[in-house]
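Next come two complexes built around chain A: one with chain B, the other with chain C.
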Partner chain A sequence: MSLTIAVTAEANNGKRVSITGSLDSNTAPELQQTIDQEINDTVNTVIIDFKDLDFLSSAGLRVIFKAKKLVDGNSGKFILVNLQPQIKKVFEIIKALDGMNVFKDQDEMDEYLTAMQNKVIEGE
Partner chain B sequence: MNKIATNHSPENRRFQSLSSRLSLWIIAFVSLITITVLAYNHHMSRDLLEKYVEQLAIKTTTSTVQDIETVLHAVSSNADSLAAIIPSPDITEEHIRQILEAFVKTNSEIFGMAVALEPGVLNKTTGDFSPYFYKKDKTIAYKDLSDETYQYKNWPWYKDTKTGNRSTWSEPYVDTGGGDVHMVTYSTPVHLEDGKTFAGVATADIQLSWLDEVIKNSKIGKSGYGFIVSKNDTIIAHPDRSLHLKPLSSLAIDSENWKKYLNSKTSSEARYFYTPSCRISEDGCWVAIKTSAHSGWKIIIVIARDSLTSEISHLTIIAAVIAITGLLLTLLITTLITHRLTTPLKNLALSTRDIGSGNLDRPLPKAVRNDEIGALSNDFNAMRESLKKHISELQETTAKQQKLESEIQIARDIQMSMIPGAGTADIVDERFQLHALMKPAKTVGGDLYYYQVWEDSLRFIIGDVSDKGVPAALFMAKTVTLFTRALKENLSPGDTLTMMNEILSQNNDACMFVTALCGNIDLLTGNITMANAGHMNPLIKAADGCKEHEVDGATALGLMEGIQYQDICFTLDHKTSLIMYTDGISEAHDCENRQYTDERLLQLVSTGDAEDPGAIGDNIIRSVEKFSEGTEQFDDITLFIIRYE
Partner chain C sequence: MNTAADHKQSITVKSDISDSAKVSDFLIEYIKSHQIDDETRDDLRLVTEETFVNISSYAFPDDISHTVTIEVTRDERDIHITFTDVGIAFNPLTYCEKNIGCTDHCEGGMGIHLIKSLTDRQEYKRIGQQNVFTVTKHYT
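Up next is the complex of A and B:
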């Protein structure tokens, strides 16, 4: 099974990485390469969209964690959205969802992002 | 190999060299053109020649007729003028004799002249009167034709002229009295002054020998000749003198065919025709006929057709000889050129065969010419060099690859030596049974298990490093080392994982992580203490079935620092097995990319008859292998089963 990666721009210097297919040890290097190219310290928010991902292996998880570490290091926001049950289960087994911004769908994520935005404005 | 070599050897195929094929085609093509040109030329030349000969023949007959008429006219006009003056009363017999002698003397064409008078018509004479002057031995001889021996009035030249009362040219005859010469005579009547009354005849003789000169000039080509026939078709001049005075029919000709030309009313026109029957040629003749209006004589020129054909054929043969010589030269030059051109190609072919059989060391002779073949030769040489380089590089790479593989094989041995039993372990004890199996997807893997029996306790760990292959194997080694350290320090399972996580999380930029279940069984009581770092829950199999036993834990090792892993305690009943595994089993894929799943594993173990850990393990492995038949092993597989007796 192959992996298709689509990167789209989001508001506030955000980038959405939509992954389709199977993220396993064969395809993980492709995602790694895309992330290395697309994500730098100017990107504030990185959204990984799992909507059409069918399978996630530990090799894929490693790439996600590495991306999170990169974004966290840049003080950006790292968001996982549209996790299907079997994908969510993979995260749950290794207990990796604590400390992650995970949203079940677009609405929930938008709500969170709006709230964060307001917080910043109020803070100023 | 032998078979391939045989199929490609030149002996086994119908080999035709480029040079011979090219030469053959060029020669065939040029020959075709040459033959066409020769045939056309032959045809056209014959047409042209025939046309030319026709014109020449017509021209010759016409000019011959003119020549003859000039002479005949000169002769006849002498006789005419003599006839005109005779009736004059001033002219005496003596005068007539003098005039005759003078005419004969002064006219070279005239052989002899005579006057014969009708007795009693003219007043100058009462009896027969017929003086005749003629040339004899370069002098002028006289003869009286009125004597008893000759009796001129009985001769046709006199009688016919008197009867017809008009001028005529006689048929040729042999003059027996005058020296056996062939002659013709022009006879013209002498009239009284009324212009009607017949008073005698004036004649002029002409020898036919001068016509021989005339027809000598009418020769055309080698075989064409002319001859002359009289009004009544008697031959009066012919190159073959024996035919003189013979009838035209004595020539072996198709006289019927000729007749329409000979008797044609439009006789003043020159006629030209072909006759198939001809004395001088079996192939027939071209014939030109022109009739003299003055005398009724016909000038006939005959040209053998085969002489024309042979002329043209001769020319064509010369042309053909030149053409064949040219063709042979062309063949020679073509062969030489193509040989020169194809020699490098032959070398290329040889070199290709060498390369095909693996010999890349044979260099091509350097191309001397700066043309396409030279370029090809150079390119081929470059290709050979490049191939040689690539092959040597490939050999180097292969050697490196082999070295790497052998190194990885050694790495596998080392990895396996790091875990008890080197990948498979079975312990049968009166207190417990243990079965452990680790099966990497590649030569080395990231799964791990470890155990140690110490006094009355069995301490163990099962783990799964993210990803597989060499990076996972390195991380696995670190994990196993940390676990053995924890064993020495006698840490509880929770503390063991806490310590391992602290160390694995440091400087872990690659974000490698390990899921692990760590535990300690009291072999006297069956009490278990376990800690879970993001690993799948174990299964507990009793006689009445199998179920998942939740061991609550925290994040996998290596991802986050500062995690405190909790010890979870429970008791394992006698004759109960604790089954731990990695996701290489639950996530095994089949041909259609479906996963084996935890549920299928639970179902298999629940319904299986096997009680011993080894048997349970074998069942699981068999089931997974059957499920993923036809695909590569998806991930490292590890099983760790403990049965409390």
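Up next is the complex of A and C:
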């Protein structure tokens, strides 16, 4: 069971972390290392893309929570997108979706980000 | 009619977290060969990972590698997974709360919450020098 991680740039100093495979006790340290390297106070938005993730354990959840805390501390936006049903179920069991920005797909997330961007522009 | 004993399979692995992948592969193969539904497979894969990681983390404080045996059986309605080890007396259902003072979101506690939520019954017994922990889940 392996994990593949791809980090891509997004608009407005954002980063998308796409995770593929299994996020479990053996692979969670790999994601933690990537987050430590890629996320700092210059990153405004962090998107965790679960589209191709088929397994998530509590060890993986802890890395996600830690990343959210880091981004929140930098006043950034932390977004989860494309959660597959078996992954969403894990978040729901531990009641972890409250307070998270979760979008079912790319379109729904784009709509949110555009609205947020417009708010910023209107405020300037 | 097949009995639960006819469907019994087991694997013995090292008590190292790195062996959780072997346990997961074993369980997935069992479920596939018994044509059990995908949702049960996903739920029990998570339950097995959480249980094995908790046993590996807390039942063997001596840092020496031991073994854990995982046995799976099923009957017409339920699937049963039993974890047996010779570590210190370790009840996964109560250990975190009693010894770490944590709740659902801490190390170990979150795993226990998932195990309880995704199975229909959990039972711990200390038999001689062995910890025997069994989870049971209905399947379709």
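The rule is simple: the second predicted complex is superposed on the first by the 124 of 124 C-alpha atoms of A that agree within 3 Å, B and C clash if a C-alpha of one lies under 4 Å from a C-alpha of the other, contacts with A are read in each partner's own complex, and residues count from 1 in each chain.
FYI, a residue touches a chain if its C-beta (ideal position, glycine included) is under 8 Å from a C-beta of that chain, and two chains touch if they have at least 3 such contacts.
Being a predicted model, the structure only gives us computed values, none of them experimental.
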* Here chain A is shared; do chain B and chain C fit on it together or clash? -> clash
* Which partner does A:Met116 reach: the first (chain B), the second (chain C), both, or neither? -> neither
* Regarding the shared-chain residue A:Asn26, is it in contact with chain B (first), chain C (second), both, or neither? -> second
* Touching A:Ser57 in the superposition: chain B (first), chain C (second), both, neither? -> both
* To do: Name the contact category of A:Val7: first (chain B only), second (chain C only), both, or neither.
  => neither
* Asked: chain A residues touched by both chain B and chain C?
  -> 1, 24-25, 55, 57-59, 61-62, 65, 93-96
* Structure fact -> So, in the complex, the side of chain C touching chain A is made of residues 17-18, 20-21, 24-25, 39, 42, 45-46, 49-50, 53, 104-105, 107, 110-111, 113-114, 117-118
* Residues of chain B that touch chain A when the two form their complex -> 464-469, 509-513, 515, 533-536, 553-556, 559-560, 583, 587, 593, 595, 634-635
* Asked: Of all residues in chain A, which touch chain C in the complex?
  -> 1, 24-26, 55-59, 61-62, 65, 86, 89-90, 93-96
* To do: Flag every residue of chain A that touches chain B in the complex, lowest number first.
  => 1, 22, 24-25, 28, 55, 57-59, 61-63, 65-66, 69, 93-96, 98-99
